[in-house]
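First chain A sits with chain B, and in the next complex the same chain sits with chain C.
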Partner chain A sequence: MKSAPTLSAAFLHPAGQSLPEPLLALRKQRGTALVDMPLPTRKTENWKYSSKYLKLTDEIAISLPADRKSGSSLAVPGYKVVFLNGVMMPEASEYPDLSGITIERFSDLDDDTATTLAERMDSTLDNNAVQMARLNSARFEDGLLIRLAADAVLEQPLFIVHEVTADASGSAYPRIFVEAGRNSQITLVEEYISSGSESVMVNTVTELALADGANVTSIRLNTEGENVQHIGATGVRQQRSSRFESHCVGFGGPLRRHDLQVRLEGEGAECKLNGVVVTQGKQHYDNHTTIEHVAAHCNSEETYRNIAADQSHAVFNGRIHIHQDAQKSNADMNNKNLLLSNGAEIDTKPELEIYADDVKCAHGATIGQLDEVSLFYLVSRGIGRREANVLLTMAFINELVEQIPVAQVRETAQARLNQFFDQTFEGA
Partner chain B sequence: MLSIKNLHASVEGKEILKGINLEIKAGEVHAIMGPNGSGKSTLSQVLAGNEAFEVTEGEVTLNGENLLELETEERAREGIFLAFQYPVEIPGVSNLQFLRTAVNAMRQHKGEGEMNAAEFMKLAKDVSKQVDLDPAFLKRGVNEGFSGGEKKRNEVMQALLLQPKLAILDETDSGLDIDALQVVSNGVNALRAEDRAILMVTHYQRLLNHIVPDYVHVLAGGRIVKSGGRELALELEERGYGWLGIKDEEAANSAN
Partner chain C sequence: MATTDKEVNELIKREYEHGFITEIESDTFEPGLNEDVIARLSAIKKEPEWMLEWRLKAYRRWLEMDEPDWAHVGYPKVDYNSISYYSAPKRKEDMPQSLDEVDPELLKTYEKLGIPLHEREKLAGVAVDAVFDSVSVATTFKEPLAKAGVIFCSISEAVRDYPELVQKYLGTVVPHGDNFFAALNSAVFSDGTFVYVPKGVRCPMELSTYFRINAANTGQFERTLIIAEDSSYVSYLEGCTAPMRDENQLHAAVVELVALDDAQIKYSTVQNWYPGDENGKGGIFNFVTKRGACIGKNSKISWTQVETGSAVTWKYPSCVLRGDNSVGEFYSVALTNNFQQADTGTKMIHLGKNTSSTIISKGISAGKSSNAYRGLVKFGPGAEGARNFTQCDSLLIGDRCGAHTFPYIESKNKSAIVEHEATTSKVSDEQMFLCRQRGIEPEQAVSMIVNGFCKEVFKELPMEFAVEAGKLLEVSLEGSVG
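Up next is the complex of A and B:
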C-alpha cells in the first residue's frame, strides 16, 4: 500500500529571525509538531473536496522575500497596515497614534507582551480542524498585534492589505492577533491581492479575542491571481455580550480555502457571518465555518452564497455545535448556491450537533440554476440577455453585498463581479 | 400591423396551435376568447417569443417584419408587449431597477439617451398613480409579495411605461375584484391609441364591458373558429361555447 503523503521537510524552515524570543520558541515548537504531518487526501473529511487542488511543491516552500520598501499602492479610505509577502511593513502603513489602540508588529513587542501573545496564539482555533493553517504557526514572520483598550473605538475602518509579489515561487505567512477589550469597537478589512505570475501560496491566520461587550466587524476580500493558492483560517472567541460580524467575499483561484471558527463563550454573545463566493473557469473555493455555542443565550446567524460558472467548484461546509449548557441558543444557517453551467460543481454540507434541549436551530441549503421563466420575463421587456443574466445573478447576492459596511469594499467587489459577468455572460 | 398566417406551434412535441390566421390593424382592439386549453395563452407566449414553444409552420409579421426571426428582447424593442397571466416574482431585483433597465433598453434602441435615476423616479411615480399602485412598491423586489391584483396592475404599468405598438394582455382580468378590474381597465384604456393595437386574451366576457373590443375571435382546438364584433362576446356569455360545436376541454377532462 502506498503510504500517505506527508508535509515536505522543506516547509519547516521559517525565515525572519528578528522575532522576540517567546515567539521564536513557539514557532520552533509548532514546527517540530509538523514533522511528517500527513497531508490531507480525499479521505480526509474536511478536505474531501479540496485536497486535489492542493499543490505543495518544494519551490513553494521557500519564503517569499519581504525586502521591498515601497509596499502596496492600494489607496484606502481609513487606516492602513500593509503586509508584503506575509511581513508587516511599517514604512508602507499609515495610521495615526490612536488613544486606547496599539498597532504593533511582532518584532517591536516587549518581552512581556510577546510572552502573553505566545501563550494565546492558536487558542482561538481548533487545530485538528485547520491542519493546513497550522503551518502558519511554524512559519509566521513579522506579524501584527492589535490591542484595543476597554471602551476604545476606532472610528474608521482599519485596512490590512495583504500583498504577495509572485515574481518567483514561494509562500507567505501573514499572522494577526486582535485583542478587543471590553466594549471596544473596530472594523477590520483584510484585502488579499497579488502581483506576478509564479506559483505561490498564501497561508494566513487571523485570531480575534473579543472581551465582554466588544463589537468587531471583519471584512475579508480575496482577489488574488490565478497563480495563488490561498489557505486561511480565522479564529474568534467571544465573551459575554460581544458581537462579531464577518463579511467574506471571495473570488476563486487554483485553491482557495478559508476556515472560519467562532466560539460563543460568554452569555449573550452573538455573531453574524456572511459570505459570497464566485468561481469561474477551473477555479475552486472552499469555505468551512464552525460556530461553537458554548454559553447559553447566544445568537448566530450565517448566510453564505456560492455562484459557480464554467467548470469551477465551490464548497460550503457549515458546522454548528451547540454544547450541553448552551440553552436558549438561537442558530440560523442558510446556504444557497447557483450553478451557471452544467460543468460547474457545488458541494454543500450543513453539520448540526446539538446537545442542549432548549434551542432554536434552523438550517437550509439549496442548489439551483437561473430561472428560465424569470429570464423570459426580463427579456420580454426589452432587457438584453446579458443584462437579464446579470440582474438575476446579482439578485442572488445583492442582499449580502449591500450589507458590507464599507463602501470601498462594496465597490471593489462590484467591479470584480462585473468582470466576472463580462466573462461568464459574454455572447449571451 | 400584426399579421398571422397559418401559425402552427407545439410544446414538447404536442401541437397546440393548428393554423391561426389573424390580421390586426393599428388602432384596433381585438379580443380572443375560448375555453381552457384552446391555445389562447400559447398564442400570447409564441408572439412574445417564449422558446419553450416551437413554431412549426406559418408566419407572423409586425409592420411587415418577420417577427419569428427575432429574439424575445428584439421583439419587445420592436414594440411587442406581453402582460403575463402569471407575472414572475424576482426577489433581489427591485422594481425600480427592473423598470428603469427596461425603459432604458427601449430608449437606447430608439437612439434616445438613458434616463437617470431621478428622472426615472419621477416618471415611475406618475405612472404608478395611474394604476393606483403605492410608489413604495418600486423599492420592493419585482412582484415580490404582491397580491394577484397588484401584479396585474404592475403589468399594465409596464405597458404604460414601455408604450408598445402591440400590447398583448393574457388573462389580465383573472383574479381581480371589481375595483381592481376597473383600475386595470382604465390603465388599458389609457393605452388605446391610433398607432397602437391591443390583443386581449380572456376567458370571460366581463373584461370586455370595461375595455370594448372592435373584434372578437373564438379560439378552439388551436384554430380561430369564429370572428365577429363585440356582440359575439355577449352571445358567448349567454350561450356558452356549446352552440359553436366546441366542448370545453377542461369540462371534458373533468368529466372523464
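Up next is the complex of A and C:
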C-alpha cells in the first residue's frame, strides 16, 4: 500500500522571533509534534471531500513578509485592528483604550500574560479534528489577545481585518485569542481579504473563552481571492449562561475550509451558528461545525445555507454531540443547499451523536434547485427571468444575511452577492 | 417509578429463547484459513474450477485488505485463523433425497425455532430454505415453485446445476473485492440461497431462509443471490438465530439482488442472532454486505429489516438505482439493548433518470447500547429528476445508551431533490401518563408506544413476520423504561 503523504518539513520553519519567550517555546513544541504529520487524503473522514483541493507546495510554506504598509483602504467606522500577512499593523489599527478592555498584540505581552496565554492556547479546539489548523500553532508570528474584564461592554463592533498580499507565494498565520469575562459583551468582525495573485495560504485560528454570562457575537466574512487557500479554525468554550452567536459568510476559492467548534460547558449556555456559503466557477468551500453539549440545559441552533453554481463544490458537515450528562439539551441543526448547475456538487453530512435520553434533537438537510413553479409565477407577472432567479436565490439566504447585526458587513456581503448574481444569471 | 425499575430488571434478565444448542454430529474443519482450506471447501462442494478460481482471487484480495474501523462500534479484534470455515451436520450418505431423510435432530431444532419445515405444514404457505451452520439442510416447496419456473435452491446446488446463471450474476453487485468482509465471504462462503424468477413470473409464494449458527468456533458465511428477470416479482424473507455461547461468533454474509426491467424484489429480514448476555459477553458479530442493483427500467428493490440481535451489527443494505425510473426503499427498525452495538443504515446510489428512494429508519436504544444510523444518498450527474426522502428517528430508553446519526448526502445533479430529517426523543412522560391513566400497565404502555414508533416499518413486513417482529420487540424491550 502506498504510504500517505506527510507534511513537508518546509512548513516547520516559523518566521518572526519577536514573540515573548513562552510563546516561542509553545510554537516550537507544537512544531515538533507536526514532524511527519500525515496530510489528509480522500480516506481521511473529515477531509473526504476536500483533500483534493489542498495543495501544499514548498513555495507556499514560506512566510509572507509583513513589512509593507497595509494596502487595505477599508473604510471601517469605529474600532479596527489590521493584520497584514499574519502580523498586526499598529499604525493601521485604531482601537479604544477603555477600562476593562485590553487589546494587545502577542509580541507586546509581558512574560506572565504570555505564560498564561501559552497554557490556554489550543484548549478550545479538538486537535484531532482540526489537523491542518494545528499548523497555525507551529507557525504564528503574531496575534491578538483581547481580554474583557467582568461586566465590560464594548459598545461598537471591533473589526479585525486580515489581509494577505500575494505578490509572491507564501503563507500567513494570524491568531486571535479572546477572553470574555463574566457578563462582558463584545461583537467581533473578522474580515479576510487579499491582494495580489500568487498562490498563497492563510491558516488562521481564533479562540474564544466565554465566562459565565458573557455575550459574544462573532462575524466572519471571507472574500479572499482565487489564489488564496484558506484554512481556518474557530474554537469556543462557553461557561454558565453565556451566549455565543456566529455569522459566517463565505465566498469560495481554490480551497476554503473553516472548522467551528463550540463546547457548551456550563448549564444554560446557548449558541447560535449561522452560515452562508456561495461558490461559483471551480471554487470550493467546506464548513465543518461541531457543537458539544457537555453540560445540561444548553441550547444550540444552527442554520447553514450553501449555494453552488457552475462547477463549484460546497461541503457542509455539522456534528452535534450530546454528552451523557447533558440532559434537557435542545439542539436544532438545519442545512439547506441550492444547486444552480449540473456540474456543481454539494455534499452534506448533518451528524447527531447522542448519549443522553432526555433531549430534543433534530436535524434536517435538503438539496435542490430553484423551484420551477415559483420562477414561473414571477415570470408570469412580468418579472424578467434573471430578476426572478436573483429574487429566489436571494430569498434562500436572505433570512441569514438579515440577521447579521453589523450593517457594514451586510452591505459588503450584499455587494459580493450582487456580483455573484450578475455572473451566474447573466444569460438567464 | 420504583415498580417499573423492578420490572425492568426482571425483564432485562430475560434470556435469549433461541439459545439452545443442538447436539448433532457435524463435520467441522479445524480452525484456520489458507488456500488449502478454500480448495478443500470447494472440493467438498464439488464445485467447478471457475468457482474455486473466483474464491482464491477473493482470498488473495482479502489478504491485502484492512479491516474497516470507521464504524461507530468497538469490539475485540477477530482472529480469522481461530475460526473454522466449514461446519456441516454429519450425514451418512450424500444429500438427503427428501425431508424424511433429514436428521430428525435437525428437524427438531427447526421446530423449536418455529419454522414450518415440513411441507405438510402448508398453512404457513412459505417456502423455506434452512441453512444450518455452513450448509443448506433442506428446501421446501421446490416442486410447486419449479412449476412456476422459479428456481429456489441452495447456492451450492445452483453452482452445480445452473452454473451459467450463477456465473453471469455472482459478484456483479458485490464484487469479490468490494470490502473486507465481502472479500472474506467471497473466499469462504459455504452456502446460501439462490433464487431465479424468470420473465413475467410472479413468484406464487413468499420465499424464506432461516439461518442458524450451531457449532462452536465457527463462522457463518452465507451468500444469497436473487435474480428477478423482466416484469417478475419475488418476496423473500430471512430469519436468523444462534445458540448462546460465551465467545463471539462471526457472521459475514453477502446478499446480492438483481432486478431487471419492471422487476420487483422485496427482501425482508428479521435478524435475531444471539446478542450476548447482559454483561456484554458473547454474541454474534454480524458483518453483512447487502446490495441490490436495479439494472432495469422501472425496477424496484425494497429492503425491510428488523434488527434485534447480534452483539455488533455492521450492515448497510443498499440499492444501486441504475435503471431509469427505478425505485429503492429501505425500512428499518434497529433495536439495541444491554451492550449491543449497531451501526446500520443504507446506501441509495441514484444513477438513472427519475429514480426515487425512500429511507425510513427507526433506531431504538436501551440499556448501555449504542445504535447508529449511517446512510449515504448519492446523486450522480445523470440522475435527472431523482428524488430521495429520508427520515431517521431515534428513541432513547435509559440514560446510558447512545443514538447516533451519520447521514452522507452527495449531489451532482441540480434537478435531484433530497430531503433528510432526523429526530431524537424518548418515551415521553406525557405519553406514559396518558396510558397509565387509562389503566394500561407501564410495560404494556412502553410496548405500545414503541410499536407505534415502528409502525411505518412493520406495515412493510409480510404478515407472519410483522407479528413475529412485534413480539420480538416486546421481548427485547419490555420494561426497559425506568
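One rule holds in what follows: the second predicted complex is superposed on the first by the 426 of 428 C-alpha atoms of A that agree within 3 Å, B and C clash if a C-alpha of one lies under 4 Å from a C-alpha of the other, contacts with A are read in each partner's own complex, and residues count from 1 in each chain.
Just so it is clear, a contact is a pair of C-beta atoms (placed from the backbone, for glycine too) under 8 Å apart; a residue touches a chain by one contact, two chains touch by 3 or more.
Here the structure is a predicted model, which means the values were calculated and not measured.
In the superposition on chain A, A:Val373 makes contact with chain B only, while chain C stays out of contact range.
When the two complexes are overlaid on their common chain A, residue A:Leu339 makes contact with chain C while staying clear of chain B.
In the superposition on chain A, A:Ala395 makes contact with chain B only, while chain C stays out of contact range.
Note on chain A: of its two partners chain C and chain B, the one contacting more of its residues is C.
In the superposition on chain A, A:Gly382 contacts chain B only, with no contact to chain C.
In the superposition on chain A, A:Asp347 contacts chain C only, with no contact to chain B. With both structures placed on the common chain, the touch criterion links A:Glu45 to chain C but leaves chain B unconnected. In the superposed pair of complexes, A:Ala362 makes contact with chain C only, with no contact to chain B. Those residues of chain A lying in contact with chain B across their complex are 371-374, 376-385, 387-388, 391-392, 394-396, 398-399.
By the touch criterion stated above, chain B contacts chain A in their complex at residues 48-52, 71-73, 75-77, 81-82, 84, 87-88, 90-93, 97-98, 101-102, 105-106, 109, 141, 158, 162. The touching residues of chain A, counted against chain C in their complex, run 1, 45, 324, 327, 337, 339-369.
Those residues of chain C that touch chain A in the complex are listed here as 64, 70, 72, 379, 381, 394, 396-426.
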